[in-house]
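Can you read through this structure? Questions will come right after.
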Amino acid sequence: MPGDLLKISGLSRSFGGVQAVAGFDLRIGADELLCIIGPNGCGKTTLFNLISGHLRPSFGSIQFKGAEITGMAPHLVARSGIGRKFQVPSIYEDLSVSENLAVADFAEPGRKGLGGLFTSRTGNDRRLANLIGLIGLEELAGAPAGHLSHGQRQWLEIGMVLATGPDLILLDEPTAGMTRQETERTAQLVQAMNREQGVAVILIEHDMWFVETLKCAVAVMMQGQVIAKGDYDTVRELDMVKEAYLG
Amino acid sequence: MTSITRRKFLGSAAAVAGGIAASSSLSLPALASGGTIKVGAVLPFSGGLELYGNQARLGLDLAVSEINGGGGILGEKIEVLYEDNKTDPKTSVERATSLIRRDEVLALTGPITSNARDAMAPTIKRMKTPLLYATNYEGGACSREVFCFNTVPNQELEKLVPALKKEAGDSFYMFGADYVWPQKMFETAKSLVESEGGTVAGVEFTPWGVKEFAPVIRRIKESGAKVLLFALPGADGITFIKQAEDLGLLEDVTVGFLGFAETYLGAFGEGKAQNMWVAVPFAESLQTPGAQKFVQKIRAQAGSDVPVSHYVMTHYNALMAVKDALEKAGAVDKDALMDSMQGLTISTPTGPAEIGAVDHHVTMNMYLAKTEGAGLSVVEDLGSIVPEAGCS
Amino acid sequence: MSSVATIVLDASNYALILLLIALGLAIIFGLMNVINLAHGEFLMLGAYTVLSIQMAGGPFWLGLIAAPLAVGLFGLVIEEVVIRRVYHRVLDTILATWGLSLLLKQSIVLVFGPGSHSIEDPISASVMIFGAPYPAYRLFIMAISLLVVTATFLFFFKTRIGLAARGVIANRNMAACLGINTRNLDRMTFSLGAALAGLAGAVIAPLISLDPHLGLGYLVPAFLAILVGGLGSIMAPVVGAAGVGVTENLAATFLSPVYAQLIVFITAVLVIRLAPGGLLGKKRRQT
Amino acid sequence: MIRTALSHMKTESLVAGILLVVLLLLPLGASSWLLSDLSIYFSYALFAASLAFVWGHCGLLCLGQAVFFGLGAYAMSLVTLGMVPGVEGMVSTWLGFAAAIAVPALAAQLLGRFLFHAQGLQGAFFGIVTLAVAFIVERLFINWDFVGGLNGLMNVPPIVLGLNGDGYELWEAVPLYYAALFVLVLGFSVLAALMRSRWGLALKAVASHEMRTKSLGYDTAHYKTTAFSIGAAIAGLAGALFVVQFGFVSPSLIGFGLSAEVLIWVALGGRGMLVAACAGAILVRVLESNLSSVFGDTWLLLLGGLFIVSVMFLPRGLVGEAIHGLDRWRAKRRKGGSTPRGKAVERLSPSEYTAR
């Protein structure tokens, strides 16, 4: 359907006989914010790996902005406009915070090419300055990323993904291991990028409190499929969700 | 020696300029060279062919003590500076260069392998420094600077091939290391075998470092050859002979061992590797007064149980030739040495030997011998054989 | 043409020697993720242990027993002093063990000299097989190799420690969570791998000339064998050693030793590139 | 004013600058043999820099870097000896240099594509495969009679300044010294500039966390292949610089032996900084040529021991550690205390080591 940003249909992937993702269907609009919840091992991370090109699907198709991206290499998926934050914070520990962002910034489509050979390492862009403000790390710009706290690492990674200028961001458990306060801050950050920057977001989450704070649409995933979808309050009342997930 | 004065001048200029203290102190050792004639020895003391390097050293050491004991050369003492080339051509060039430049040697001796010698050739030529090469080799190293004191293929093979044919049979197999010396040896051997009416059952080469020779040994066995011409020096050669003995090859073929030195025998073990034939310019067991005296002198110096192979003698000869040549010239410099070495006849433990006036290779006595018990026993005195040096 | 029997015997002989060498390497790599470039020198230490005993007048068989013990003990020390410090830096284990190999080689040069030594054949008899004599000692080596491989299999599949070790191969962190003392397991593994190398060195000593450089000639094919075989299972080095050993031996038999080396190396590189987990390997977890 | 300018320079650049000045002035005081030795060590230093770039900066532990050094040396030799089929008349040193850069770069490009594309080889596997490649290439050159087999090619001419092998021959110690130093500085500067560019930053990112970089939209295989080729080109240039002084090339320059040696120089000097790697190469060579006859067999023992210790405890290398210490001292003296913005953080994190 035109107008869908991401359209997944019949997506399947199995590992040695185990169906991690089985006939998965999903549609996301251009400014949507969707949380996917579900028990461990229900195929959420595998789903992200399939979308971002780290895994090839056994069956099914993924369309992004109307174009088929199924089975494309990860860097091409990223260039087409899908950014991804990994579950384990993945930053460049031996580069400074601003260098981390600069690497991501330089990757934005249209800014590549050999021009990079002759430009200095850290661009002086206002864009980067805005971004570093958004993730709240202005004062740590020159510090090695390896010195950041756990929460700061998560934010830095989100900042890096944003710097590539994506249309859709996949966030894999962005608040795992965070304090309440940090979680709240993360919620604001996610909302800011969704509303102010107009980026669609799909996030995988365990922390129901975080999902509640975000007030996002929720999809429940079990055994490789979406079994229910709706807003937070509707979904939490479903028996199967209570039983399977919320306890 | 004008070059030294110039360097002295440079050194003091640096001091005046208040230049870098470290560098001028680094340059000092070069100045300490008055009154001795230095010869640089670039030899393998590690890296696979050290047994040859150590043999060469025995001969050179003896020559030094004899020359200095007899009052030196034209009043100057002689000194040999040893450098380990690790059996490697690149290291050989590095060592040769620093010996010539830093230590300002009059001449170089060594190395063992052909590739190391070839690698050093451009350096020797550019720096116009004589090279006294005393290892048997494939021939063809001909230049004003190079003098060869050991054998080339025809000297080793001319009498060995017919002797083996008579002793063991018509059919020859040739097996050696994959480089130029065995290749050239086998080329010469092939034409000798064919002109003698024999047949060549196979020619084969192996890379260094192979540890399992069973397939090759099988193939040689299957070929029905009666003689194996063998040119695989160093540890690999010992491994091959051991495995050939175990797999019963040595019962079927008689080995002609090229590049043999008595030092191998210890490594084969008691009573092993018997009846292998060689043609050499010297053997420990040679019963001439000169040879026996030479062996005695070496052993007096290096211990009673050291093997004394022809490599000891050829390196000794090389240094003794320097003495004769410089005394004949009456001057100590590189050109005088090279000029007067041409056509020089020197006396060696096995009788007189003549350095070719044009090709710089040595005509000397050769002996046919075979391994027997714990040593080589000389079968026949072959008389002196003129080298076909392969100079064009 | 050689009889088929001798060709088969020669090829399996070499493959089994390679397997004996590769086994220790594979155990250390598989269980500890340590690439031990000093394995060739462990082999050499085993051979020189036999040499020392021969020089002291002892019999070969004593050396055969002493070599794995001595090298195993040495491995224990090396694990404690060097390897322990670089566990989590895979690339640095390559460098550290390679530095170690330099050190060991040079120490042997200082103690035994750079030259060649020889071990006397402990069994000089030949056995007639299909009408051709075959050295009994080579048969003995094949037997030893099979015995050791079988023992290793039994160890990993029939004992508790073996089970724990397999747990570590499968998932190191999980195994640690389950209360397996990975520290002790590491010590044991490295020492066992070293002891196997020592045994291999002692066994092959009478076949070759002993010199400080003998390790490299075996290390490279053994390495290719375990990479070709893969790391996921204990069976893998068997397949790898058979592949590399038989290919090299047959190529040497039918072509020449020069091409044999080339063929084995190029084939191995292709296999490693195209099947990074090895022929038998499971896909390693990408983390 | 100069003082403040100096105090704001990066310590690494400062050290490089001081070393350069010392080397430029050295011919005033040093003997000609020392200069000749150093001219050759400059080619080793450039070679070490190429490995420091590929390994230290891009995280590719190449155990066969000498393949490219050797290819460069062979390319230069074949051109200046007039052995290139079809253009035997062209014996220009300059063409030789061009070939010595192009041939290894092309070889690395092909090898890199083969090794890195799609689900490419990682970390240790890459290392072992490059080791095997070094053995293969050495073997091939030993058996290739056209390039002289095991003995290699002799009598390679020195640098000739004319356009086609005619004119002034660079052979005297002092001019040769400056020429070699010039080539070293040139190659060094190219690498240093690359490392400081955004493109170099991206390479560091690939080394630090490849999956992350891929997911930002980088074609990491392409980056690695290009970096590998650039390293190869510089190694080839070093090989050419070597052969015009040494006068010969043989398979021992192309195989595992020299690859292993350069690895020691770089590890001892410091893989993280070009200047440390270069200094490591020169230092080891100078010590070896002056001490190996004194220490004899213990020299290698010493070198091996030092190598292990530096791998275990000083991952920055001996020179690298010294420069780092100096850097901290200067930072303290500048008071302020905070590290300046954009300063490369040299702390090596576990992620740089572990193969992912």
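A few comments on the model shown:
A, B, C and D label the chains in the order they appear, each numbered from 1.
Just so it is clear, a contact is a pair of C-beta atoms (placed from the backbone, for glycine too) under 8 Å apart; a residue touches a chain by one contact, two chains touch by 3 or more.
Quick caveat: nothing in here was measured; it's all calculated off a predicted structure.
Removal of chain D in thought splits the touching network of the remaining chains into A | B, C. Each chain's centre was taken as the mean of its CA atoms, and the one lying most distant from chain B is A.
The chain occupying the central position, as judged from C-alpha centroids, is D. Chain A and chain B have CA centres that are 73 Å apart. Distance from the chain A centre to the chain C centre is 47 Å, each centre being the mean of its Cα atoms. In terms of their C-alpha centroids, the spacing between chain B and chain D amounts to 36 Å.
Once the centre of each chain is set as its mean CA position, chain C and chain D turn out to be 34 Å apart. Touching two or more other chains at once is no residue of chain A. Shared interface positions of chain B, i.e. residues touching 2 or more other chains, are given as 46, 178, 207.
Counting partners per residue, chain C has 109, 258, 261 as the residues that reach two or more other chains. Two chains count as a pair here when they touch; such pairs are A-D, B-C, B-D, C-D. Against chain C, the residues of chain B that register as touching in their complex are 45-48, 50-51, 54, 178, 204-207, 209-212, 214-216, 218-219, 221-222, 234-236, 238-239, 242-243, 246-248, 263, 266-270. Those residues of chain D whose C-beta lies close enough to touch chain B in the complex are 22, 25-26, 28-34, 36-37, 40, 139, 142-143, 149-152, 154-156, 171, 246-248, 250, 252-253, 257-258, 289, 292-293, 297. Of all the residues in chain D, the ones that touch chain A in their complex are 118, 193-194, 196-202, 204-205, 208-209, 211-220, 338-343, 345-349, 351-352. By the touch criterion stated above, chain C contacts chain B in their complex at residues 1-2, 6-7, 10, 13-14, 17, 109, 114-118, 120-121, 126, 133, 135, 137-138, 204, 206-209, 211, 213-214, 216-218, 249, 252-253, 256-258, 260-261. For chain C in complex with chain D, the residues that touch the partner chain are 35, 82, 85-86, 88-92, 94-96, 98-100, 102-103, 105-107, 109-110, 220, 223-224, 227, 258, 261-262, 265-266, 268-269, 272-273, 276, 286-287.
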